[in-house]
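Each of the next two complexes has subunit A plus one other chain: subunit B in the first, subunit C in the second.
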Partner chain A sequence: MPSSDVIVIGGGPNGLAAATRLAQSGRRVTLVEAQPQVGGGAATTEFHTGYRTSALAHILQGPDARVASAMKLDAHGLRLSTPLTTAVPGIDPLTMQGTFGKVSGLAATDLAAWSELQERLTRFARLLAPMRQMTPPRPAAKAGNDLWNLGKLGLSLRSMGKVEFRELLRMLLINVADVLEDDLTDDRLMGLLAFDATLGAWAGPRSPNSLIVYLNRIAAGETLTLPMGGMGSVAAAMRKAAEAAGVTVLTGSPVDRIDMAADIVIGVTLANGENFAAGAVLSAICPRRTLETLVGPRYLDTGFIRRARAIKSRGGAAKLHLALTGAPHFPAADLTWRIVLAPSVNAVENAFNPVKYGEVPDAPVMEITFPTAHDPSLAPSGHHVLSAVVQFAPHAPKDRDAARAQMLQNTLNVLETAAPGLRPLIAHAEILMPYDIEDRFGMSGGSWHHGDLAVEQMLFLRPFAGVSQYNTPIPGLWLGGAGSHPGGGISGAAGWNAATQLLQGAKP
Partner chain B sequence: MIARLHFNKHLLETPFYPRTAPLNKHSEWGAWSGHLSATGFGDTEMEYTAIRNGASVYDLCPMVKYRITGPDAVAYLDRLTVRNVAKLTPGGVHYTVWCDDAGKVLDDGTLFRHGPQDFLLCCQERHLPWLTDATLGFEVAVEEITETIAALSLQGPCTASVLSAAGWDVSSLRPFRMTKVPFDGTTLTISRTGFTGDLGYELWIGPAHALALWDHLFTAGAPWGIRPIGSDALNMARIEAGFLIAGMDFIPAEQALREDRVRSPFELGLDWLIDWNKDHFNGRRALIRERESRASQWSLVGLDIAGNVSAEGSLIYHAKQKEVGYITAALWSPTTKRNLAIAHLKRPYAAAKSDNLWVEIYALRELQYVKLMVPARITPRPFFTPARRRATPPGRF
Partner chain C sequence: MTCDALIIGAGHNGLVTACYLARAGMKVTVAEKNDWIGGAAVSRELYPGFTYSNCSYVCSLFRPEIMRDLELPRYGLQILPYEGGVVFMENGDYLGMFRDHDANRREFARHSPRDAEAYDRYSRDIMRHCRFIRPLLMRTPPDPSSFKPRDLSELAYLGRKAMELSEVQISDMIRFWTMSISDFLDGYFESPVIKAYLAVSAIIGTALGPMSPGSAYVLLHHYMGDVDGNVGAWGFARGGMGAITQALKASLEASGGTIKAGHGVEKVLVRNGRAVGVELDNGETLHATRVISNMDVRRTFLKHVAADELPSDFVRQVKRFKTRGSSGKLNIALDAAPKFTALPEGAPNLRGDLHFTDTVERMERAYDDWKSGHFTRDPFQDVMIPTMIDPTMTPPGKHFMSCFVQYAPPRIEGRDWTDADRDAFGQACVNQINRFAPGFKDLILHMEVRTPRELEAEVGLTEGNIFQGELTFDQLLFNRPVPGYAQYRSPIKALWMCGSSTHPGGGVMGAPGRNAAAEILRDARMGIDMSDAYAVL
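Presenting the complex of A and B:
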């Protein structure tokens, strides 16, 4: 039976990052991926003959700095676009640099208030950013917390002063709409910020605690880029880095169960019955699936399984791919930009409301990129691919096919209004609803983060209390996918953190 | 539509109520799992005497009962409870406990194996949500059937004779085994089990046959002075036998509000039940950690206390100074002529430091409490365990 020190389940960005980290520290690592290729949410697909696009995630924010440098992704062939400018198109366009950078085209009335708000939120986000690279502390005595880094965080909190600290506490659990409406009046800016704050979340801008999700997003990286060749290039570079570090990568190898003997992990069994032995298993797929399906309730406690099953995992984002026979025209916007159609805070909120009831919004809001504007090789010459994340989409509508058709129609209507003349250019349209994403990529509920990223499922509550430090009650089983802290995105942070904990041999 | 008017009756009557009510001359009733349950029938001492010297009958109907069936019933129960269920053969009964994830006791109970895939779990508290959630991954069905079984506990040295007079030969029935006999056009299950530490049996039948069973038993038992008993007399016998009651001797983990009230099997002296060699069971990992790091905080012990004043609810001190424990059940035991108690002691006062223990008793003497500080020493449980309890065939008295 093939044997290694660690088996990593799942070859998404987190699995690849974890495997590399472990191999670079001298462990013999085997990574097993269900699909014929690695990447998970980081993939490039030919969705229509001659047209290729990022199959799910399309914009790179990051990856995690440790991952990027240790994996030397550029040396392994990753080429990125120039940093993206975001545009809110219109006769009177507004642009923003990077994730939360410089804004142009803002009315004079909002200038002062915006620069103050931007400065403050950036400061808060930078303060929280180190958390993303830490094992979440556990609020218990002798919890084995990372006291050094917690201490540093505590110091930076103290050094911000009483007034600012009080402001941080006030802001921490607030909803993003309240913050925006307190200080700003410009609908274009407020719509953009409300959209970015709720991107990938199952929440509207008026949902409680939505600001902290935004701070987390800002903390994840300040620039946005598109990978040349689509997101699959990131996966390809990560795979090369993993293999260069000595990882054995097995694709087309879905894991059926995690094997145990005497209550210790001893390896995995694939769907085809093949066994692989290992002293430890790090699972970078959904936590619920790992625990409920691969381990199974017989080896876990009832209260524990209750909590695993109670993880909220609701995808609210759909993915739209259009094959276009020519270049569409968005007023005053460049196709190399990231274009956001979210006219106001209420437009975002109204797009979220119906989703609560399993229904499709009349006017979805969205983030659009044209990968072909950066890498023309993705489509026939002169043709384009439109890739958009469209929010919000119901993850469990009554009728899946009807909801998908409705979502596509409503999305195309919004697009046609924003870029008149786009419809006739469409050679092929594909929209992936959250349930399609679940079926195709294995993300529970189609959730961006393998489980809602919300304050009640963050830090020591991610994926749920008791397993937030990447280890589980089962000796030798570790969790390191997007369901763990700090959540998803093409980043590898969770996998890297988990591998670090495994190497430190933290006890359950 | 059927009118659901059960809420008009705050406590339900058991199927034996038409017989117990007229006999309960002082209307001594308490509540047990939502049912009216007799605390006494007018003379606790005589009832206790029936348990130890004759034949007593206690209405067990309110006891919570779950039926567990299916191909995975054994595996399910092995994961749920700490004891090895595979070793319990059909027709057998065993005492067991089950724990939450932290290894703290949720309840104790008796598990009856009626068939290869058919079990009855009897306990004090209700646990359907827990039992149901625990079925995930097992092909098993759990059903609460408390009200579909009428049960009597027949306890005392003369009970084998009573059953024989009733026409049922139980001479070969060993302790913790059961047998089925035809009665009143149905099947009567007789198990050699009980809560008194004496010779005794429990009788299980459909509620429609309850009164026929009662009448038959009382006719057959008349020569032995058979009499109904309430929970007060039963409580005396169970303390002598050293048995625990959930909610009285320990707080079930799901109900505890205070962090330090929950108890592990180690802390209740029940770790002997645990089978460490079977597959995973709920709380196992926490219990291994507790064992290995010697993290148990408490011990449950029997105490022999000087004097004859019952120490119900008393605090226990070391060297009369330091509070080290408390008593959950106590009595002056008529049979052993000792002043006995079941107590929780902080470790190490149950072992290394078990000398010099004192019990603070508030004795009520004509409306006035008198504070006593009396010495106590740890003594093995059960306090009373007569040979007749286990003798097979049982003695004829």
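Presenting the complex of A and C:
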């Protein structure tokens, strides 16, 4: 029976990052991936003959600095576009640099208010950013809390001054719409910020607690880029890095169960019946699937299983791919930009309202990129690919096919209004609803984060109480996917953090 | 002539503060703009022979320590616990509620045996959350940005309280404070009507929907009260909610305090950064060593204090304070008890709260209407017929019905309410009741319809917000009403706050009034016996 020190389940960015970190520290690591190729949500797909695009995630924010430097992704062939400018198109366009940077196209009064707000929120985000690279503290006496770094963080919070500290406490659980409407008046800017704040969340801008989710996004990285060749080239570079570190990567190898002996992990059994022995298993797939399906309730107590089942995992975003026979025209916008269609705070809120009831919004809001404007090899010469994240989409509608068709229609209507003449250019259209994302990528509810990224599922509550430090009550079983702190995105941070904890041998 | 303390507004919190200060020996005057007193805890006769609880309509949160300290039962206050409640369902069935846990369990089992099991776990968990948070109500919130010994020791105290809990309990508590009631209930129950019934307390009075994060905390806010030591129980004040403020008035007068009703305060007089009295709307000036405002924070500082007396940062924060009204109220004089198709006449459930919204989704859709600036055509109503157990409010055989309605926006699509809007709003509510009690409309002798416009104009609640400010975390504890001013003081010396805009917030609770009095007396170095907030735990 093949044996290794650690088996990593799942070859997405977190699994690859964790495997590399472990192998670089001298562990013998085997990574098993169900699909024929690694990447998970970081994949490139040919969705129509001759047209390729990022299959799910399409913009790179980050990745985690530790992951990028230890895995030398550029040396392994990863090429990135120039940093993206974001634009709200129209007769009177507005542009923004990076995730939360310089804005142009604002009137003088709003410009002053924006500078103040941007400075404050950026400061908060930068203060909180180190949290992303830490193991979350646990409110338990014997938890292995990183007191040194927590102390440093506390000190940096207190040293920003009384007024700012009070503002942080006031804004910690506030909704993003109130923050915007208190200070700004420009609908284009507020719509853009409201959209960015709720991107990938199951919440509208008027939902309390939405600002902290936004701060977390800003903290994830300040530039946005597109990977040349689509997101699959990130996964390809990560795989090369993992293999260079000595990881054995097995694709097309779905895991059937995690093997136990005397309540201790001893390895995994693949769907084809093959056994792999290992002293530890680090799962980078959904925590709920790991615990409920791969381990099974017989090894876990009822309270624990109930908390695992209570993880809320609701994807609210759909992914749209259009094969275009020519270049569409968005007024005053360049195809190399990230184009956001979210005309106001209320437009974002109204797009969220119906998904609460499993319905499709009349006018969805969206983020559009043209990967072909950066990398023409993705489509036939002169042709383009439009890749968009469209919000919000119901994760559990009554009729999946009808909801998908309706979503596509409503999305194309919004696009046609923003870029008249786009519709006749469409050679092929594909829209992935959250349930399609679940079916194709295994993310429960179609949530990129393997569980809602919301305050009640953050830090020591992620994925749920007691397992936030990546270890579980089962000796040798570790969780290191997007379901763990700090959540999803193409960053690898959760996997890296989990591997670090495993290496330190923290006990439950 | 100068009094020691002048209180603006004879609502229940203002009167509670006044009573404590008068008992400590201060010379106290309460100035009230209306000809009657009570604020939103008021009984009025708007139709001959019928007493209405015009605004607030049930009692639970009013702190028993205060009742005892101020001897309110002696001055005529009697709380009649009620039991029961019912949700009428669209399919003709109903969900009945009982005061007895096991009776509830049996009724739950009729809708879902699994939910009946879960109800035990739910009740236990809710009680634990209540027990943790209740002592905090009667304590002045610490300022986390301060290094003063008092603030540090209070923070340390809270930290110790939290560490008495297990990791799972702390986690559950933080989840409970931050999540939506809909998500929270999904963790226990499967029956839509059971979830709809239990979600009610999480939305009453707030501008949140049951699917808004943070709404579960509001449920706690409504569950913290007790009647005769029964935590979570509710009751009617005999003679209407005005009985509470009338008893407070009698208690105040017995301690030598006075109430001047009929003229509102025009402005707070400030000399050299210190409040020295008020000027009334008839031009009269009242001098006082300290002024205490029972009005909400926006009304107090944006309308009745000169802006140049206040730091601009403070004014900016006050302007940011959210007081979005979300509710309306119908007060109805009935010729006879309405007959509901689903329940037999005299069913005990009719003595409690009557609801007509049988899914959380319908409540949330009503909230969506509110967000877009409309009152909803499918309102959520919390209907009570207090005369089922308190016959003193109407002539024999007749009834008074109170309908609390959500959601009603402070403004309609950005414009003010008109009388026509108000009537249409009232009609939508009456029609809903009539669907479940045919012939109900014909029993109506008189009806008062109150939208946020009426609540603001008469009671002085800015935008008609019944809690004098939303109960979201950015406006709770040390953030309430604004950061740095959560200890009942204001930037102006000798100008204090004691209304529901301050910690711990709204509801006919009296806790803000009592906490403010404790701070004022502490500042004046005057002692008074106050019941220990922990004695009742």
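Annotations
Definition applied: the second predicted complex is superposed on the first by the 508 of 508 C-alpha atoms of A that agree within 3 Å, B and C clash if a C-alpha of one lies under 4 Å from a C-alpha of the other, contacts with A are read in each partner's own complex, and residues count from 1 in each chain.
Assume contacts are C-beta pairs under 8 Å (C-beta built on N, C-alpha and C of every residue); 3 or more make two chains touch, one makes a residue touch a chain.
This is a predicted model, so every value here is computed, not measured.
Superposition of the two structures on subunit A shows subunit C fitting alongside subunit B with no clash.
Once chain A of one complex is fitted onto chain A of the other, the partner contacts of A:P139 are limited to subunit C, with no touch recorded for subunit B.
When the two structures are aligned on the shared chain, A:L155 is found in touch with neither subunit B nor subunit C. In the superposition on chain A, A:G303 makes contact with both subunit B and subunit C. Judged by the touch definition given at the top, the superposed model places A:P473 against subunit B, while subunit C stays out of reach. Contacts of A:V455 after superposition: subunit C is touched, whereas subunit B is not reached. Residue contacts after overlaying the shared chain place A:A112 against neither subunit B nor subunit C. Angle at subunit A between subunit B and subunit C, computed from CA centres in the superposed arrangement: 60 degrees, to the nearest 10. Once the two complexes are overlaid on the shared chain, A:L147 sits clear of subunit B and of subunit C alike. Touch criterion not met for A:A271: it reaches neither subunit B nor subunit C. Comparing subunit C and subunit B on the residues of subunit A they touch gives the larger count to C.
Once both structures are overlaid on their shared chain A, subunit B and subunit C have a minimum Cα-Cα separation of 5 Å. Subunit A residues 303 lie at the interface with subunit B in one structure and with subunit C in the other.
Residues 144-146, 162-163, 166-168, 170-172, 174-175, 178-179, 183, 187, 208, 211-214, 313, 320, 322, 361, 364-365, 368, 371-372, 472-474, 478-479, 483-484 of subunit C are the ones that touch subunit A when the two sit in their complex.
Interface residues of subunit B, counted against subunit A in their complex, comprise 75, 79-80, 100-101, 130, 133-134, 136-138, 279-280, 282-285. Contact residues on subunit A toward subunit B in their complex (touch as defined above): 263, 292, 296-306, 309, 473, 508. Interface residues of subunit A, counted against subunit C in their complex, comprise 138-141, 143, 162-163, 165-167, 169-175, 178, 182, 203, 206-209, 303, 307, 310, 312, 346, 349-350, 353, 356-357, 454-456, 460-461, 464-466.
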